[in-house]
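Labels run A, B and C following the written order; every chain starts at residue 1.
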Amino acid sequence: MTDTGSGHDIRHHFDELLAEIRQGAVAMGSLVLENTRRLTDALLENDLDRARKVVAADDEVDALYISLEQGVFEVIARQQPVASDLRFLVAITRLLYEIERSGDLVVNAAKGLLMRDGYEIPQAIHGTMARTSALVADLFGKSIDVLADLDGSAAQWLDRLDDEIDDLVGELYTMIGRSSDDLGFDVGMELSRVTRYLERIADHAVNIGEHVAFIVTGSFPGHSSATTDEG
Amino acid sequence: MSKIAATPQVESAVRRRIAQPPARASERLFQLALMAGIAIALIFLVTLLIQVAVRGIPGLSLSFLTDLPSSDPGKAGVGPALVGTLWMLAGVTLVAFPLGVATAVYLEEYARDTRLTRLIRTNIQNLAGVPSIVYGLLGLAFFVRFLGAFTGGRSIIAGALTLSLLVLPVIVIASVEALRAVPNSMRDASYGLGATRWETTRRQVLPAALPGIFTGVILSLSRAIGETAPLITIGALTFVNFFPASPTDSFTVLPIQAFNWISQPQAEFHDISASAIVVLLVLLLSMNTIAILLRRRFEKRW
Amino acid sequence: MNDVNVSLGGLAGYRSGPTAGPEIDEAVFTIEDLSFWYGGFRALRDITMRIPARTITALIGPSGCGKSTFLRTLNRMNDLIPGVSLSGTVRYHDLDLYGDEVDPVEVRHRIGMVFQKPNPFPKTVYENVAYGPRIHRMASGKGELDDIVEQSLRRAALWDEVFDKLDQSALALSGGQQQRLCIARAIAVGPDVILMDEPASALDPIATLRIEELMYELKETYTIVIVTHNMQQAARVSELTAFFTVDVTEDSQRTGVLVEYDETGRIFTRPSQQRTEDYVSGRFG
């Protein structure tokens, strides 16, 4: 039994709830990260089994999303959070959305592979695609770390990593355009879509960094005039 | 916005006493009237005490306290009367105190609010106001005559019982008030822990009410010590030349002895009457002091 | 998951299905069609609910809705008021609390109570806690009694603050400490249930939060039912919430009724009754 004589830990229960939510969000992010890497392998190796696993794994992500949303809603209703607690809870709902959308994008790419019974990525594009998807997964993983650590200063360097990805994405579009005759119209379109999914996932990762910055500082990074204070 | 040089307030700030407004005439008049009232009462009391003290103190001595009364004022003492008074005090404490407190406990903690209990409560108030001679008559008829075989007739027991009846209403009323003053939250707390009514009363309510109950005891003993009429009625003697040895013996008390002496023609007897009164007052004062000290002891702890 | 222990620790999982009140496995109290009268005045009408073990159940509602009356029927404290009567049943586990053979004194041994205004006895801290065990003869010697007192004070999160003041007056403690002392006193007799009648309403906010933290710990061992007029407290602290309100009949009789009884999360996020919604959102007093 704890001998709580000190006065500093009087919302222990509430703190536990907040920690649970954060851990839940991190767990959800980890699942999506894992699924992203799984998708990368499926695409690069044209592995349909893996693609099916990707689709199946998203169910767990969705379930976690729903229960975390519900949980956040209930904590707000019941615990009367203010200040940093309130910022955390409001930002988490947005964070959860970013993660969930990322998960959905990964599934879209997998479904695209499955619907066509697989397709080969031509040699010319393969390397760049591999590199791009590795970087995207890496960036996403870093954003989840930022969430786990509540690192308020990470938004900026996450953004810089994204710039590198954006360059690669530009290259990919060019390559796909050039190889369009070899690929065929349908696969070409699909690869464009996949490229776009990757870019979007990277954007979500950057947004995660911004939401975390908001939690920590109360201001929206990149919009220095729009803080939570008036004037 | 005009620029006014800021005056250095901090160091030179003058601290001023907040002035009381001048008192209105009506207020002062009222105050004076109250003080006059107290002064008058005190003047009478102090004059009386001084008179008694001046007349009585010279006659005090150890032998005065222990000697028997005699027809020679120089040799007379209050011995038996003092002993009789002490017997009365002991008797009243032993009888009226437990009886009175038990009655109060029953009325406050146990009795339901029926017509009967309401009747009892009202009449206890009335009984407190009944003239003491009525109690004397009651004591004569009941304790002296009817129960004569047990009490020994006009005896100490009869006297103590009569006085107990007299002060019983006072003790009951004071105890009832003391019990009522104990907040119900204390009883609730005790019941909430699974205590019975008796456990609650004995362990929580009575101890908390003790200061108030002691007040009642002080008041009643102070009254009892000075009662003359009922004791004369039940047959306390006016001339006693022996020390009462048992509760069934006859007796006298200090007020009666003082009354006896003041009725004598000789002036010396009037002097020793004053001495007897001084003894009575000293006894009264020490009793009150003891009771107040006891009460403080129970009160001060919490 | 069907029972009250919800998934993800303290967070309620998403529930589908009809809102028929909470589903309860182990019920400590089973109340059926309880109505209660003070003389001719009907204070409660047809209350039916089940209270589960080792949870915190909050009773909320506007003034005069009978929630305190209801609480006091659970340990027969209303018996102390002359002229009361009731109909319906109150079962404590399998026992009919108002059966003829039941001794109310023993009931209160098993079902303890903490009151609104802290009411320690005007005795020492030690004597306050030792009072209950003494009258129930729970210790065979001073050593055992000391142990009971210490354990109770530890469980009430008060030991660290009073271990060196056991023989000082309980009235010298602060309000929050006094209330925790009252909790320790109630725990000392080893009850199964602790009823709390607005236990923090006389305390400042910090002391209130400490009492709430204490309740989280206590519910591991005891079943707790708490009446509170502070909705936010009910929201923070309880797992189940019962909302009572005053029904005014045609002949202007005001009676307390149970409007809704469900998991607290549900009551404060999507109550199924409009009256509940109006009350918890502060639109109706």
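In this text, a residue touches a chain if its C-beta (ideal position, glycine included) is under 8 Å from a C-beta of that chain, and two chains touch if they have at least 3 such contacts.
Computed from a predicted model, the values in this text were never measured in an experiment.
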item: Overall pattern in which the protein chains touch one another (line/ring/star/complete/other); value: line
item: Chain whose Cα centroid lies nearest the overall Cα centroid; value: C
item: Gap in Å, rounded to a whole number, between the CA centres of subunit C and subunit A; value: 45
item: Rounded Å distance between subunit B and subunit C, as computed from the means of their C-alpha atoms; value: 48
item: Centroid spacing, where centroids are CA-atom means, of subunit A and subunit B in whole angstrom; value: 88
item: For subunit B, residues contacting two or more additional chains; value: none
item: Complex contacts: residues of subunit C adjacent to subunit B; value: 75, 77, 80, 82, 105-110, 112-115, 117, 119-123, 131-132, 135-136, 169, 171, 182, 185-186, 189
item: Subunit C contact footprint on subunit A (complex, rising order); value: 1-5, 7, 9-14, 16-17, 20-21, 24, 66-68, 70-71, 73-75, 77-80
item: Residue numbers on subunit C that touch subunit A, as the complex places them; value: 7-14, 154-155, 157, 159-161, 206, 209-210, 212-214, 216-217, 232, 235-236, 264-265, 268-269
item: Of subunit B, residues touching subunit C in the complex; value: 112-113, 183, 185-196, 199, 203-204, 208, 301-302
